[in-house]
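Next up is a structure, given as structure tokens.
Chains here go by letter, A, B, C and D, matching the order in which they are written, and residues are numbered from 1 within each.
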Amino acid sequence: MNPVNYLYLAALLFTIGATGVLIRRNAIVVFMCIELMLNACNLAFVTFSRMHGNLDGQIIAFFTMVVAAAEVVVGLAIIVSLFRTRHSASVDDASLMKL
Amino acid sequence: MENLIALLIAAPLLGAAVLLVGGRRLDAVGHWIGTLLSAASFVIGLVLFAGLLGRDAGSRTLIQHLFSWIPVAGFQADVTFRLDQLSMTFVLLITGVGSLIHLYSVGYMEHDERRRRFFGYLNLFLAAMLLLVLADNYLLLYVGWEGVGLASYLLIGFWQHKPSAATAAKKAFLVNRVGDMGLSIAIMLMFTTFGSFAFGPVFSHVGDTSQGKLTAIALMLLLAACGKSAQVPLQSWLGDAMEGPTPVSALIHAATMVTAGVYLIVRSGAVFNAAPDAQLAVTVVGAVTLLFGAIVGCAKDDIKKALAGSTMSQIGYMVLAAGLGPIGYVFAIMHLVTHGFFKAGLFLGAGSVMHGMNDEVDMRRYGGLRKYMPVTFITFGLGYLAIIGFPGLSGFFSKDKIIEAAFAKGGTEGWILGGAALLGAAITAFYMTRVMLMTFFGEERWRNQPTRSPEAPSAEPAAEHRGEHAEPHPHESPKVMTIPMIVLAVGSVFGGAFFSIGDRFLHWLEPVTGHSEGNSPVSAWTVTGATMVCLVVGVAIAWAQYGRKPVPAVAPRGSLLTRAARRDLLQDDFNHVVLVRGGEHLTRSLVYVDHTLVDGVVNGTAAGFGGLSGRLRRVQNGFARSYAVSMFGGAALLVAATLLMRAV
Amino acid sequence: MSFPLLTVTAALPALGAVATAAVPAARRTAAKWLALVVSLATLALAITVLVRFDPGGARYQLTESHAWIADFGVRYELGVDGIGVALVALTALLIPFIILAGWHDADPLETGSRRWRPTQGFFALILAVEAMVVLSFEATDVFLFYIFFEAMLIPMYFLIGGFGDRAHEHGEETASTQRSYAAVKFLLYNLVGGLIMLAAVIGLYVVAGNFSLQEIAHARATGSLHMATSTERWLFLGFFFAFAVKAPLWPLHTWLPNAMQESTAPVAVLITAVVDKVGTFAMLRFCLGLFPEASKWATPVILVLALISILYGALLAVGQRDIKRLVAYASISHFGFIIMGIFAMTSQGQSGATLYMVNHGLSTAALLLVVGFLISRRGSRLIADYGGVQKVAPVLAGTFLIGGLATLSLPGLAPFVSEFLVLVGTFTRYPAIGIVATLGIVLAALYVLVLYQRTMTGPVKPQVSAMPDLRVRELVVVAPLIALLIFLGVYPKPVTDIVNPAVKQTMSDVHKKDPKPEVEAAK
Amino acid sequence: MSATQLAAYTTSTGEAFQFWVLGTVAVIGALSTVFMRKAVHSALSLAGTMIVLAVFYLANGAYFLGIVQIVVYTGAIMMLFLFVVMLVGVTAADSLKETIKGQRWLALLCGAGFGVLLLAGIANASLKEFDGTGQANANGNVQGLASLIFTKYVFAFEITGALLITAAVGAMVLTHRERTERAKTQRELSEQRVREGTHVPPLPAPGVYARHNAVDIAGLLPDGTPSELTVSKTLRERGQIRDVSTEALNDLRALEQRAEERLERRQIEPATFKRAEEASK
């Protein structure tokens, strides 16, 4: 089996995650979908590192994880404080970007 | 001696400046300052006159070059004065009559609180008029030309609180502007043709250019003359100009300014002589106007308007004469001078009558005034005899000469013009007799009736100061007013004779204007006889109509011609319908066009963009997810693009 | 390196603007005096420029040149020719009067009004405009000129939009909306023009490789720089469009009436007497100087447009109900004369046009400032609201009349000289156009006299019966202008002496000679 | 040759089997993450997907990452998610009904298109042969990573450190409320209540008068009106209050009826019930 399949899988997951981001309204779920996308990318990186036979891909994946962790922390904090103020976790309620 | 010329203008100019800038503190003495300065100008004029007489006829031209005015490449306009016999004549007339009328105004305007300003304007007028006649090039003449226009504007509208006065002033200025347009175009033509517009070069090179150019120049000059001298078709302003105080009417609209057109034509004689077609046009204009004015004069009941009509017609005579070329130039000027005397005298007389009659102007409310104001009666009567050309008085000589010259033009033109002139003489006799009879003879129609019917507004608000509205008490005017009238009367009696005996005036002017005796088909005596006949006929008809029968206090409806003549032969109606109405429509529609079309295009574009952005704005619904969709779609497009690039 | 006189002349008002803006809000009067003093000092500098300028000398004098943006060959190049020096002097002369006339225009409104007017800002903006205008008259580097040409718009925008007439017939609300409409219109029009000009400027750089007016003109004259005909024409159109917007030429004029109607009288003077002159000046210097062939190519169309402007502006002036709009349309008519004189390509026409710029500045200033005094008294701009003012305020009426007579270019007052020169200059080459344009003087008489009759004469309207006559400050503003009008009308030689050499050089730029008169009469 | 090196450059059938099985699981997990109505379920299915990915990392020879994936993601991050879900409300199931017009279709379209393009791109890349992580992992995967991290990527590493610190601080700043004044004692609270005249007695316990033992039902006041005060603040904020339903009131009345009959008390006028009913409406 060719590890390219891993890439196909990664692409699939990424797309699913992206679609989820677009469809769901609950901020937390949207956030999970983003995580899913990140993970898909990580899988792709790892696969690449295997195919190229060096560890740089894994390094990138590693950094991605770290950054993702930081992002999740801040993001969830934002969600919580949002929920505190407006008692809702729906991304559509934060539609003040309108003109 | 040349250096005195500038002083001629400087004196009244100084007076105008002092009086207009000086402010109220000069109110007490202002009128005397004005009078003195104009008198000073007259004295300087006399000195120069003496100086000229001292020289031999050939070298009686003085040039004073002050400074270079507008020097641009080929275009050289200088401030240069030229004093020769022609301008000398005018200088004496202007300053002389001017000073007399200043004196008269001292009494006439006594009760007006803005008398200082009035004298300031009078001085301004004198300065401008002198500049006009002393200029050595057409551009400088143009300055004086418009200057007198301004002065006349200010003086006609002197009683500005009267809308009628303000309107009349505006009308006068505008009509004159049309004439000025002609003058400026003439100057441009001269510049392109001769490369100069100074009298000397232009006249000396008349021969070197085409007939057509000269005719064009001459016609443009004629247009200018028509505007300033109230000749058909630009005559409509003169009648309304009588809204001004009577001294103004006497000085500006009878003696001096309105004759500027004649001066222009005579001065430009060289050009006209070379353009016969233009000369013909001039004579036609003159003939038409002299009849036009005479007819109008017959119908007017307002004494000043009647005199205005007569002024128009007399200037018609002068223009006619000037159009005849070298045959007529001298007589045009001579009639101009004598007319200056008697017409000014007549106006001053009219003013004195109004002065005594609470500023009543309607002759149908006069009558039998001779025993109440004898001096006025006598002076006015002498003026009257002079204007109708009673043998021996000045009008007789000058007008007779013009009629002869008209015949002397020869050919059918000669007959037509001469006939018109004779007819004019008859009508003149008629309407002047009418004025005379209605004013000084007949029963006293001003008794037992209110001074003025309320709907007929006061011609001159000085009445508000005296302000009784009871029956008028005719009285003679004070000395300060009668003296000028007497002087002018003397002038109008002996002026003509003095000029004509031994052709003094002819020899005086000949070096400038040139002279030629036309070959008249009829002898001078025949003409004189014919004139006498016309005179008698005119007087007789007038006496039959106004002397024997009592004059109705209210004007009868009258014939169609009479009614038309009362309305200035429908000139104003024509102007109103064609020019005023049309102009109003034009401007209104243009304003609309500017707002909707020119501006509308711009605003339309703006509105279009506004609407577009409004549509686009809907896309910005503020939902992060829909933004994300577009972003995602963009990403997809990018991937597609890269793939395509690799595929290609 | 000599003393940079031109830079200082422009820098002084700029610094003055900053200083004025920095005056604390409470010290309003101090700001006014500061602005006045600065403007007077600028005037003194301008006069020194005028004195140091030698009409017989080189074309551009008092030049300064420093490298600025080396990569694009943009240089900081200043220099004045006769035309520039005259206009710099005019600007520096008018600004003190404008400041003095607008002394109270920017005072805070009475209590109860919702708008507070920052006095400091008003005067600072005026000084800023002066600096920009002076620099654009001095710049001999196309790019440098473009910068100031555009930067001028910003302070003007705030002056128009921020400061209106004290009293307004429809109340403060509509007043401010109309003001902002006028300001935005002004800005958009000029920005579009400037944008197109920017394209042309870049194009010029692409063709010529540098921005220096003198170098390009010299290269073109010597033929070392050859431009394709179509290129030259496009570039010319790009420049001309911007200038035609600035000096409103029909049909690009509609911003002017709104701007002048809504802004206070001094600002209106600033617009029409100072800022718009940059447009006509630039036509003379850049359009003719850089693209002589294209200029000659476009002349017929431009002359017709100018002719339309003359008659159209005059006719619309007759039809106006609003005094300021009337003056605005009169100005459009006058700008038509100026542009006509420039493109008549005769020395009379161009000298006349330059003279006209100066005289029109003076006459419009005199008339508009008096109009401003009148409006500030009655609180209305509608002609119909006045009548019989002459009776109650004779001095005001007198100055008004003189301003009006200057506007209708009465002989003896300065504008006559220039207008007649323009007419003659046009007539010598295009007789028909010259004759038709002469109609303009009749129409001018019409709108001026109708205005005077309706406002000043007739029975005294009750609302104006208590109108005070001119105060000392106002007399100080008007009297010198009138004196200048009369002086330059009687003795314009000082100005013509400065202008003529520059005009001769311009004529040689476009390789045109005056048409010879048919008969070479003895001078 | 150890299995690790073997796994480096070849792929055994075992791995293939594993891929197909777990891959399906991963996809299903992802889909359910997206389509589950309750956030908790999404979180759990996402966790499952992540574990599967961890296995794949291991299979790809990224042992360190595999472990980290399990420990950090599944262990820490997903737990964080679950905590937040608890805070925000477990039962708050949000409807999948789309509110923005055309959003869902656009989303699906873009997703599908993007996915197809991506897959096409990968297929287009035509990566046939590959060299495994054999010599890369020659002396241990962790050692390899470490040597890289602390030499080549040392700056990035440091910066990520800083990033983490910042994130932690930021989260604290966002969520932590600083108590400005000391907590009021019970006495002060009661005094304040008396002063304001609200709830002079202590709050009623839930369900006391409601004769009902649910925590989320508002208890009835003596006059029969339900009072939300009896429900705990958290539930109230989550909007999870079930009010006394009419049938509850009805069987309550029936109960009382029976009590009457048994004790032969006189008929109590239904006014009270009416009031109770009105109050309940």
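The working rule: contacts are C-beta pairs under 8 Å (C-beta built on N, C-alpha and C of every residue); 3 or more make two chains touch, one makes a residue touch a chain.
Per UniProt, the chains are A = NADH-quinone oxidoreductase subunit K; B = NADH:ubiquinone oxidoreductase subunit L; C = NADH:ubiquinone oxidoreductase subunit M; D = NADH-quinone oxidoreductase subunit J.
If you're wondering where the values come from, they're calculated on a predicted model, not measured in any experiment.
Visitor: Work out the mean Cα position per chain and let me know which chain is farthest from chain D.
Guide: Farthest chain from chain D, going by C-alpha centroids: B.
Visitor: When A-D is set beside B-D, which has more C-beta pairs in contact?
Guide: Most contacts of the two pairs: A-D.
Visitor: So, what's the distance in Å between the C-alpha centres of chain D and chain A?
Guide: Taking the mean C-alpha position of each chain, the two centres sit 16 Å apart.
Visitor: Counting only Cα atoms for the centres, state how far chain B is from chain D in Å.
Guide: Comparing mean C-alpha positions, chain D is 103 Å from chain B.
Visitor: As a quick test, compute the distance in whole Å between the mean CA positions of chain A and chain B.
Guide: 97
Visitor: Once you find the CA centre of chain C and the CA centre of chain D, what distance in Å lies between them?
Guide: It comes to 72 Å between the two C-alpha centres.
Visitor: Where does chain A touch two or more other chains at once, residue-wise?
Guide: In chain A, 18, 22, 25, 92 touch at least two other chains.
Visitor: Using the touch definition from the top, which residues of chain C touch two or more other chains?
Guide: Expected reply: no residues.
Visitor: If I count partner chains per residue in chain B, which residues reach a count of at least 2?
Guide: Residues 621, 623, 625, 629, 632 of chain B each touch two or more of the other chains.
Visitor: Among the chains present, which pairs are found to touch?
Guide: Contacting pairs: A-B, A-D, B-C, B-D.
Visitor: Going by the contact rule set out above, which residues of chain B touch chain D in the complex?
Guide: Residues 621, 623, 625-626, 629, 632-633, 635-636, 639-640, 642-643, 646-647.
Visitor: Residues of chain A touching chain D in their complex?
Guide: 1-9, 11-20, 22-26, 28-29, 31-33, 35-36, 39, 42-43, 46-47, 49-56, 58-59, 61-63, 65-74, 76-81, 83, 87, 89-90, 92
Visitor: Applying the document's contact rule, which stretches of chain A touch chain B when the two form their complex?
Guide: Residues 18, 21-22, 25, 91-92, 94-99.
Visitor: For the complex, which residues does chain D have touching chain A?
Guide: Within the complex, chain D contacts chain A at residues 8-9, 11, 13, 15-16, 19, 23, 26-27, 30-31, 33-34, 36, 39, 42-43, 46, 49-50, 53, 56-57, 60-62, 64-65, 68-69, 72-73, 76-77, 80-81, 84-85, 87-88, 92, 94, 96, 98-100, 103-104, 106-108, 110-112, 114-115, 118-119, 122, 127-128, 130-137, 141, 144-145, 148-149, 153, 156-157, 160, 163-164, 166-168, 170-172, 174-175, 237, 239.
Visitor: Can you name the residues of chain C that touch chain B in the complex?
Guide: 185, 188-189, 250-251, 253-254, 312, 315-316, 318-320, 347-348, 351-352, 388, 390-391, 398, 405, 410-412, 416-417, 420-421, 423-424, 427-428, 431, 434-435, 438-439, 441-442, 445-446, 449-450, 453, 456-460, 490-493, 496-497, 500, 503-504, 514-523
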